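Both of the next two complexes hold subunit A, though its partner changes from subunit B to subunit C.
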Partner chain A sequence: MVVFLIGPVISVFFLSFTDWQLGEQSFALVGFENYISIFQDDVFLRSIINTALYIFMTVPTTLILGLIFANLIFQAGPMRSIYQTIYFMPFMATAVAMLIVWQFVLNPTVGVWKVVTDVFGVEAINLFRNERTALPTLAFISIWQNIGFAVVLFIAGLSGIPKDLYEAGELDGVDSAFSRFWRITWPMVSHVTFFVLIMLTVHSFQVFESVAVLTQGGPNDATEVLTYTMYKEGFDFFRTNIASAITVVFLLVIGTIMIIKTTWLEKKVHYS
Partner chain B sequence: MASITVQNIRKSFGTTPVLHDINLEIKDGEFLSLLGSSGCGKSTLLRIIAGLERESGGKLLIGGKSMSNISPKDRGVSMVFQSYALYPHLTVFENIAMPLIMRKLGRLQRLPVVGKMLGNARTINKEILEKVTTLAESLDIDSLLDRKPSQLSGGQRQRVALGRAMVREPEVFLMDEPLSNLDSKMRAHMRTELAELHRSLGTTFVYVTHDQEEAMTMSDRVALMMDGEILQVSSPREIYRNPIHMKVAEFIGTPKINILPCSSIERGVADCFGFKIKTQSSAKNINSLGIRPSRLKAQPRDSAGCPAQVINVEDLGSSFLVHAIIADSVRVISRMDSRAHIPVVGEEICFTPQEDCGIFFDEEGWNVNNKSSRQMVDACQEQVSESADRGYYGLQPSAAV
Partner chain C sequence: MKNISYAKIGGHILLIIGACFMLVPFIVMLSTALKSQANIFAGGFSVIPTEWAAVENFQEVYQKIPIIRFMINGGIVTTSIFLIQVVIAVPCAYALAKYKFAGKRFLFNCVLWCLLIPPQAVAIPIFLELYSVGMLNSYAALIVPWSISVLGIFIMRQFFLAIPDDIIDAGRMDGMGELSILMRVMVPMALPALTAFGILSFIAHWNDYFWPLICLQDVKYYTPPLGISYFNTSDAGVSYGPLMAAACIITIPLLAVFLTARDKFIQGVSIQAGVK
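This part shows the complex of A and B:
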């Protein structure tokens, strides 16, 4: 744990206060200079906004669709495990391979996207090369990929709800589909919802593969996200000090989410 | 309050029949227990009455009204589940108030925050608060109203479940083994409370249990079910003393009734291992004799009776159970008073079935004496209370029949 977890974190933390760049023989302590410079850097600020937008686009949608699909699949009877597997497959598959497939599917000249736009008689734009569509497209792919994860966890949560509760509900008057969901199902899967919410947020915060494979942060920084900026600073520009400062910011945000998870929200969520 | 009429109710799950042509009339205000071992269909019948299960055939009337296509909430029934089925995310107050919230408040009035301002929601909420509080006080759970079910003991949960069932003043209470999750002390306590509750409410109770003690102590009548059929519906006293079939006799009573092979030798007399016993019946097709352990007297070897050898003796404190084997083939149990002389393991003794207390069955297991056995039972009771015989191996007269 010290070698693989705590050690690297401490060294990153230390490096973020130096001017060391990859390959240099010496370094000097520079205090908060790296932090001041990144918060004055437009690309970094843009990457923070983009990451937040990406989370905002992916997490609620994945959560809601996951819950809806889980409810439908849960009632599917014997076909349940087949549907469950189908939904879970994108989550299990190799991310980069799937992304390359999406690149072909959404290709404006040879992809399925071209076929679809032809049907509607509109011009197929390059979704990854358009400032307005690039980030939403990546978000869409993420939703497609992660919905299975949400579905599987929600189904586990749904199967844990005792049948008796719905029967007691039927006698008490909780018998419409909406009231059943609102008064029994939803509160009874609140702990799963919370867990899925945290996991999806962290997962979206770590978005990297799709940006690296499909857009490389472009066009015009429209898909520049925190992890990609970090990667570029560290391994393209070899500014290890700046990359470390970004990493520290990244870790602080993840840490905060985890603290919220373990302290505040967990108390409010019902665990049966 | 309402009566329940079950007419030719059938139920199958797929191709497996669970209930065969059930007919049952439950009177208004009656406490009826559906008694039977697990898998006999008693819970299914209760769930059909509740509307949670749909019958495959037949008719169900509650308060004279047909219940086909009537949803569970509109049947005027409340149910207490074996698991209590309390909503774990709601407080005790919210659990008890749920049936009222869903019935009295409109769809919009149930909305959080805004709902309270709509129409007369405030008045209704106040009524609900008052009603739940009063009920909680009567059930002695008023101090628990803010707690969640997970913070309650088994007995407290049971009361909350009862409160939720009582709050909307149903016409019929349905209970599905509500005491089976409690420890034995609490179970005995709640048994008394339920019986008192029934007396005070005067509502129809249908109570499902596999525990004959619960059924016998609380019910006005017991319906004994086996393999999807009702074998007998009688008062606890009647079902114990005058079982219609050997299966009923074997199910009711602890320890189990002794069944001894016997045959009719002349009118009114049967032979059981060489012992002649009066049958009080002219029936000739007698095949076996059922005799309760407390009615099988253990006597010295040279007495008249069936010769037996003691194989085990159990001390229950107030009485002893003597296990013995007759003619190397039939195992029997005799319950003896603790103050009597108790035989030891291996001792050769003689068992004498007490006159007039035997139940005779034909080859198919039916009670040959069913119609007249009522008189026989009464005679038996009289004889027991008058008897002061505490001689060798004598029985305590006050021991249960």
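This part shows the complex of A and C:
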């Protein structure tokens, strides 16, 4: 644990305050210089904005669709397990392989995308090579991948709601499907919702594969995200110090999200 | 009553639309893998190929990239990772769950904190550690960094905690050593937890792209995700038939296992989510 987890985290912090780059013999402490330089770097700033946009595009949609489908699947009777399997498949399948399949599906000359645009009579643009569409397209694929994950967690939450609550609700006049959802289901799964929200946010924050496989940060830095910038600095340009500083920023954000989660959970435990 | 059944039908329609959307890439992958190049470029999309080329496509994959090698690599790496993780995690978890010693609480807190560390965060130092001992670009580089699974320790500890102490005491009375209690009493009882842990470990490392990408240069050590992405870039991405065939080869084994042990997979993923 010390060798592979705690030690490395400490050394990342340390490296981020030095000027050391891979292959050099010596290093000097440079204080916050690396941090100052990344926060003056357009690519880094762009990657922070893109990561935030990406989270904003993926998380709410995945959460809402996951909740809707989970409710529908939960009431689907005998078909339940078939639906559950189908919705979960994208999450299971090897991401890189599926990304390459999506690349083909969305290919503007031979993909399904071409067929769809022909139906609507519009021109099929190359979604991955267009600055405006590249990031939303990656977000779209991510939603496809993660709905099943949200569904599984929500179904677990829904199974935890005692049946007599609905029966009691019916006596009290909560009878339409909609009010059943708002008055009983939604409050009862709120802790799951919060939890899924955190999981999806952390997950989206770590987006790497789709960028590395499909767009390499392009076009024109439109899909440059935090982990990919870190990868490029650290393992392409071998600027270890800069990459370490980016990692620290990355860790601090994840840490903050986790602290929010833990405090919230503790509060909940306290009140229940 | 009629109202309810309409709602039900509406629900099913929504679910079916959603399911179709979920399945699109899988259908495209399978059907394209069976089509000839001319069929693919003819425009329009049909699920059933009009011109079959299944054998040719799979043959081309086999000739162009060492796909079997990639699959074997994936197998070697995931199996070794899991075996090492079990050997380390089970005794640690047992000690954390059943022994009383100074600093136990502290150690367990360390485990909890380590659960929160994302793999990207430690990539640079681990890369440097391996670099300094000259272990990059090898199976060891793929396996060793993952040998300690805090998630595994955590899952096993929680499970061991639930096993009553009386059983261990009974074992001790019968003259069993600590090791044989662990191996012959605890581990068999913890089989469900081990299965869940195994599934999680397998999914994570079979699908991992980030770490192999960093630590490997040599194609012969490539794992399946790296292999297909190599095929994708090296072949300039025009021979879609073979490319999709390669995607099938990589995803289908995992999907097949998933379809046969669906509930265990879902349970495993829920456990992991519950922990983090």
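Operating definition for what follows: the second predicted complex is superposed on the first by the 264 of 272 C-alpha atoms of A that agree within 3 Å, B and C clash if a C-alpha of one lies under 4 Å from a C-alpha of the other, contacts with A are read in each partner's own complex, and residues count from 1 in each chain.
Here, a residue touches a chain if its C-beta (ideal position, glycine included) is under 8 Å from a C-beta of that chain, and two chains touch if they have at least 3 such contacts.
Everything quoted here is computed from the prediction, not taken from an experiment.
**Student:** Is the arrangement of subunit B and subunit C around the shared subunit A a clash or a fit after superposition?
**Tutor:** Here subunit B and subunit C can both sit on subunit A without a clash.
**Student:** May I ask for the angle at the C-alpha centre of subunit A between those of subunit B and subunit C, rounded to a multiple of 10 degrees?
**Tutor:** That angle rounds to 80 degrees.
**Student:** Touching A:149 in the superposition: subunit B (first), subunit C (second), both, neither?
**Tutor:** Only subunit C is touched by A:149; subunit B is not.
**Student:** After superposition on the shared chain, which partner residues are touched by A:110: those of subunit B (first), subunit C (second), both, or neither?
**Tutor:** second
**Student:** By the touch definition at the top of the document, which applies to A:101: first (subunit B), second (subunit C), both, or neither?
**Tutor:** Second partner only, subunit C.
**Student:** A:179 in the overlay: touching subunit B, subunit C, both, or neither? Say first, second, both or neither.
**Tutor:** Touch partner of A:179: subunit B, not subunit C.
**Student:** Looking at the overlay, what does A:237 touch: subunit B (first), subunit C (second), both, or neither?
**Tutor:** After superposing on A, A:237 lies clear of both subunit B and subunit C.
**Student:** Determine, under the contact definition given at the top, whether A:8 touches first (subunit B), second (subunit C), both, or neither.
**Tutor:** It touches subunit C, and subunit B stays clear.
**Student:** Tell me which partner touches more residues of subunit A in the superposed arrangement, subunit B or subunit C.
**Tutor:** When the residues of subunit A touched by each partner are counted, C comes out ahead.
**Student:** Contact-wise, after the overlay, does A:165 reach subunit B, subunit C, both or neither (first, second, both, neither)?
**Tutor:** In the superposition, A:165 touches subunit B alone.
**Student:** Subunit B and subunit C, closest CA-CA distance after overlay, in Å?
**Tutor:** Taking the overlay as described at the top, subunit B lies 9 Å from subunit C at its nearest C-alpha.
**Student:** Using the superposition described at the top, list the residues of subunit A that contact subunit B and also contact subunit C.
**Tutor:** Looking at subunit A, the two contact sets are disjoint.
**Student:** Flag every residue of subunit A that touches subunit B in the complex, lowest number first.
**Tutor:** That would be residues 162, 164-165, 167-168, 170-175, 179, 183-184, 187-188, 190, 270, 272 of subunit A.
**Student:** Which of the residues in subunit A end up touching subunit C in this complex?
**Tutor:** Interface residues on the subunit A side: 1, 3-9, 11-12, 15, 22, 65, 68-69, 72-73, 75-76, 79, 81, 83-98, 100-105, 107, 110-112, 114-115, 144, 147-149, 152-153, 156, 177, 195, 199, 202, 206, 208-209, 212-213, 227, 230-231, 234-235, 240, 243-244, 247, 250-251, 254-255, 258.
**Student:** Considering the complex alone, what residue numbers of subunit B touch subunit A?
**Tutor:** 50-52, 71-73, 77-79, 81, 83, 85-90, 98-99, 102-103, 150, 164
**Student:** How about subunit C: which of its residues touch subunit A in the complex?
**Tutor:** Within the complex, subunit C contacts subunit A at residues 4, 7-8, 11-12, 14-15, 18-19, 21-26, 28-29, 32, 40-41, 43-45, 110-111, 114, 116-118, 120-129, 131, 145-148, 150, 203, 206-207, 209-210, 213-214, 224-226, 228-229, 232, 237, 240, 243-244, 246-247, 250-251, 254-255, 258-259, 262, 265-266, 269-270, 273, 276.
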